[in-house]
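Each structure below appears as structure tokens.
In what follows, subunit A forms one complex with subunit B and a second complex with subunit C.
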Partner chain A sequence: MPSALANVGRLRRPLALRPWTVLLPVIVTCAALAVGLGLIAATGASIPRTVSAFWIGAFGSSYAIGASLNRAVPFALVGLGFILAAKANLTNVGGEGQIAVGGILATATALHGADDLPRGLAVAAPLLAGTLAGALWGGIAGLLKVRRGTNEVISTLLLSFIAVNLVYWSVGSVNLLRKPQTSASTQPESLEIPDLTKLPMLSSDPSSQLHIGLVIAAIAAIVVAVVLTKSAFGVRLRAIGLNPLAARRAGVSQNLQLLALALAGGLGGMAGAIMIQGDQYVLKIGFSSNYGFDGVVVGLLARGSAVGVIAGALFFGFLRSGGMSMEMMARVPSAVVWICQGLIVIAIAGSSAWLDMRRISAGRRP
Partner chain B sequence: MSASVVRATSEPNFDQEGSRAILTLSGVTKHFGPVAALTDVSLTIERGEVHCLLGENGAGKSTLCNVIFGVHQPQAGAMRLNGEPFRPADPAESLACGVAMVHQHFSVIGTMTVVENLMLGQVHGRLPRRAFAGRIAAISRAYDLAVDPDRRVDDLSVGERQRVEIVKCLIRDPVLLVLDEPTAVLPPTEIEALLAVCRKVAASGCGVVLVTHKLAEIAKIADRVTVLRQGRVVDSAPMAAADMGRFVHAMVQRDISSLGQGLAASVGVDNRAGASVETRPRLRPCPGGKDALLVDAVSFVDPQGVQHLDAITIEIRRGEIVGLAGVEGNGQSELGAVLAGLETPSAGRVFIGDREVTGAKPKVITAAGAGVVPEDRHASGCILEMSVAENLFLGDLRRFSRAGLVRRGPMAAAAADLMRHHDVRAAGPLAPMSSLSGGNQQKAVLARELSIDPLVFLLAAQPTRGLDIGAVEAVYARILSARAAGAGVLLISSELDELIAVADRILVIFRGRIIGEQPAHPSARETIGRLMAGEALKESA
Partner chain C sequence: MTGEQIGLFVASSLRLAMPLLLAATGELVSEKAGVLNLSLEGMMLGGAFAAAIVSLATGTPVIGLLAGIAASLLIALVQAVLSVTLRANQLVVGIGFNILVLGITTFLFRELRGAGSSDLIPGLPVWHIPVLSSVPILGPALFQHSSLFYVGIVLVLGTWALIAHTSFGLAIRAVGEDPVAADKAGIDVGRTRYLGVLYAGGMAGVAGAFLSIADLDTFTEGMTKGAGYLALASVIFGNWVGWRTALACLLFGAATALQFLLPNLGFAVPAPLLLMLPYVLALLAVGGLVGNIRTPSALSFPFFRGQ
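After this line comes the complex of A and B, so read on.
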């Protein structure tokens, strides 16, 4: 046995730890940042002010750090869902919609009944409701995939559009979640959820908004990592993702794909619930402002690793906080902020794809 | 590789005026990553000769063809075409230089007619359909290649499609025609016709390279034989000066008389006349013996409405091997998919032992005691990217799980045991399946399926395809031992000689129907061959 196992190491990817596999993405990302700064200079904003605005927004105070970490939570959860489904060769791009339905159900549960529950349950009930709503949303796409072979990229994306419009509807109608209209200027949004249903804060520092969503995301990351790498479920997911026919022949049920999309959706729904219960407290149009789509990008960049998702989520969380601050304090147009973010994503994805291509062409077999 | 490699080819002489050589290769070497597919290959193909490339699977025959046709570029060595340096960057350049190739897998478009397919890439601007049809007719006549220019390719038989491929090559007036394993897909009757076409093409002054692993064909057609083993030329001789035993030895490094009937069949030689005529007792299935498999009037119509199986009935007793003969594409794949539980029959019932499994999931079929060795092990037999251990126990993970987590240690240990028992050679149980040779992958699949306990029925679909002779021998041994242990075996193969050598009786499938049963005896070969081509049906119709 030991002699048989001793040879296995040689079969691992040979390029994994060469210095330039780490250096290249860093260099390319710096180049992307340089281009971004050039663009910012071209809009007439001052570079030093922009940089300091970014710093203040992202890291400048305990409030800024807390807000950045809070922003990282939905990115992490959606990204984890993405890599879970990706293990079964499913591309879940429906994070935005899953956040939306999660937010709706969490708000509804929080406003209607949850505050009658004891403290712990009052927080857990909306969180669970949001998670289940997201799981249902992902599960619909899963059912279509397993029963009808519908491409999950299409179905999750279209279901997102439906979900985002469900938010419009539910905050637009007083019969649903819209707060009572007292004057013509009443915004189409829900009432604030009761204090009892808000997520507890992690820090006693009143200026920090950091809530326990961070802990939930960390636990989710550990669970997803263990499931994907250690569990029988993970092995079966991988099998069905790599070769559905051979997996079926070996007795792996195709319904696993449904389950994978439902779990991914559940994580998205949980992200939506956390966004409402953690810092927004009010359901309004566009409350999910592209967190779901950026979460997909986080999942893509992580390339199947839960640690990668956490790193990417933190990166995006701080980037978004800093970006918003650049917009407000340094008057950088929001379009340019988005362009900079896009450049960085392309730099990271492009350099890793390039490294992959080199590795494949080096080891290609007939 | 032993030091006593025979290199019969002399160094090609590029300077010789008026040489008959069309193509000369000298020292051609091709690596794919760390794998050497061709090493220092030198050979000469002459005008008007049929040059057979012989070798086991993985010997480098296809790679050599692809180098000649410009699909791959060699890392070292040189080629000369008609004396000029020849270094094609892609197939288009080869075609332009007069080198044409018929691939193992056809490259015609099914929804277009024959003439439309032939015009592709040949004509520009206004379509000279009529003039083109004339040229096709002329080629058809000259080479006895019957093709109907106005039929859709989808409606053609495999043999007809192959003729279209050949016409597609000949229409370019090639100086060299390369055919990669053209006989593998043909019924015995059409093989003769194909060989005759090759002879005619060569007679017209064109060089013909014919790749095969069947020696019987070589005896009929070859002018010169070059044998490849592990990417090297190990023998090359004019046919007249050599005998089969020499080529067999060069190819598999074993003496022809040491090969049993089944193995001899797998390299395409007829060993009945040899000293080792096998006197394996054929089992007479005892009347009243228990059924291993009952397929009762099963039909299968795919979602597109194409009927692949038409009221097929097969009964297999325990302890017998039933061969299913037929040209590929006559419903064997679909029958395999139905028996594996991957497709649900449209009508009829399936029993494993005395348990009905009609339309049951693969898990249930496995639980009923049916092992399945699928015809395409990469498509449904194993998962290349996963480890050998995971492949062996994917259906049985629970055995190694505690609280849902897989205990990798015990799983690897059990896998190592099974691998040792079935002689699966790999770096270890955690090595990815893709790192194994084809033969070891197949042995791993067999190991998994044969460890079903109790094994009532084994479906072995094309189990020796693409394997070298050592692996073929191992696969036969496993199938025979499954029979000895009381399992009924359905052996699906397009190699008639393999079935005659291994099976107890042979059923013939043609266009989704069982059209005859014959004893697995060499004397029935001709009858079975005719049944495979559907001729008995035409006569009775």
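After this line comes the complex of A and C, so read on.
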């Protein structure tokens, strides 16, 4: 099908580093941020105070930097899962649900038994449980895709809505994870996980909350980058993504698509476990607070590059920290941050499509 | 279960299904033309917001409805420029719009009305169909709905006729199945797809207005709460067939209405389980109950001439 081949053409060189492919996203991002500042000015808030609130929240102290980096970790893991599945031409938009089930299982494991284990295992067991839960969640979408041909965009989205309600259920019922009710005012949330199961901190500076999630994300990025660009597995994923029929004839099992979605889900589940074990420590309704959807956006914008995912994750991590600080210190509505994010996503998608179009028409000229 | 409860259950199922049905039917046209609008959620939210604000400002809900449609059309137009003309990734653009519209509506609502405001908004009138509305059980179930409900039924039936029986419908289906052949046959692929996206936008605007000025008569931040995604699932569940999509919407509406019925009947089912029920049903539906899936062949693929 010619139109499908055209699509393949645009996947071909995700890493081509022409000046415009880097410059244009930066320019449109700045433009979107300028729009945000304009809106803030329109509300009558003081721009210098807002900017300084953003700066203090994002970069202002070792605490702020640590918090921003911690926030970037789930974005990076979900984004890496996204580009892994995207290699097989699968669009995993279920990061939110994968984080949610990962968080549930990590909390359950941490609260029920993991602290009896030796130090290292006590941290690893919930992390592993969360990862497996995410892999299962992604795997369901993968199984439906392989067996029934179900569009994974819809199935992963629906699974996300189900998972978010599973969190609600788990923390709402004392038979599940809700902490014992001591008074009527007890919030629907779990007990705090035992200290032994919390992720170790990276720095000895007590004011910094930076945990080893950053190292885990960095390792994951290297592994994903190597697998995608250097391994036979990456080639097979790509083959099945480009032409499933031809790939099957060449002996590539279609179950690879299942595996790809399960791996992507596993990274999402790991992100959920890290959010619980790294800084939240308590499972609450809405604990995933759109990290999964933002992570998907990071993956989408990275256009297949692990380096791009890391850059995007860091950007979103600092943006979220700064945005929260703007809201608290300068009373700027968080909706302005959403507006900027939405504009950035649309503008980058539009501008890169425009670049592709120019490249294609330039390529046609003799 | 009393007759009165049955009547109420049917009424709330239909009421909850209508916004899904309107959005899904519009989306069906766009998807038949080959363009997937993940931004349906944002279009509905934009429509709900504009309808509410304008209805509140003018005191005339009909003007609110028109404003809702206009707002949603505007989103659809920008979406069409990006996904048809620029051939940007339809999923990325869709997700981007959902974030953007959630941000804009929340921002403007807080600026205009203050956070957490839930003023009663002048809504479209409820029509009690003469004679029929006084029939026991059936009356409250079917014939005491908002005027927009009945208009919605006409719009949906009209859309089915448009797809099946007009040359525009044929062009829509052609560019969604095989844009290259359609192009060779002299159909303007880009223009047809624009119209498809705009059609989805207009219907999503009506769907959003239904939420804010026909059903609830109020606006809350992010009030669509995933309805756009359920509408997308309905189209798949319905296997891109109009009446099946409508059945899917009814099923989702009924599943949501169970939240009100079950507690009344004395069943203590945890709220989260009922809240996730429509999504579980949708997943089962897209995952297996549908039978052979017939997706429009060129869905979500941009068209390049001369390749």
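Just so we're on the same page, the second predicted complex is superposed on the first by the 341 of 366 C-alpha atoms of A that agree within 3 Å, B and C clash if a C-alpha of one lies under 4 Å from a C-alpha of the other, contacts with A are read in each partner's own complex, and residues count from 1 in each chain.
We take it that a residue touches a chain if its C-beta (ideal position, glycine included) is under 8 Å from a C-beta of that chain, and two chains touch if they have at least 3 such contacts.
Quick caveat, the model's predicted, so the values are computed rather than measured.
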A:251 touches, of subunit B and subunit C: first, second, both or neither? first
Contacts of A:196 with subunit B and subunit C, given as first, second, both or neither: neither
Partner chain(s) touched by A:231 [first = subunit B, second = subunit C, both, neither]: first
Partner chain(s) touched by A:296 [first = subunit B, second = subunit C, both, neither]: second
More subunit A residues in contact [subunit B versus subunit C]: C
Partner chain in contact with A:243 - subunit B first, subunit C second, else both or neither: first
Which of subunit B and subunit C A:341 touches, first, second, both or neither: second
Common interface residues of subunit A - those touching subunit B in one complex and subunit C in the other: 1, 4-7
Complex contact set, residues of subunit C against subunit A: 38, 78, 82, 86-89, 91-93, 95-104, 106-107, 110-111, 179-180, 226, 229, 232-233, 236, 270-273, 275-276, 279-280, 282-283, 286-288, 293, 295, 297-298, 301-304, 307
Complex contacts: residues of subunit A adjacent to subunit C: 1-7, 39, 43, 91, 93, 144, 148-151, 153-155, 157-159, 161-162, 165-166, 168-169, 172-173, 293, 296-297, 300-301, 333, 335-346, 349-350, 352-354, 356-357, 360
Residue numbers on subunit A that touch subunit B, as the complex places them: 1, 4-8, 10-11, 226, 230-233, 235-236, 238-239, 242-243, 245-253, 362-366
Subunit B - residues contacting subunit A, complex: 32-35, 37, 63, 340-342, 361-363, 366, 372, 374, 379-386, 390, 394-395, 397-398, 400-401, 404-406, 412-413, 416, 427-432, 435
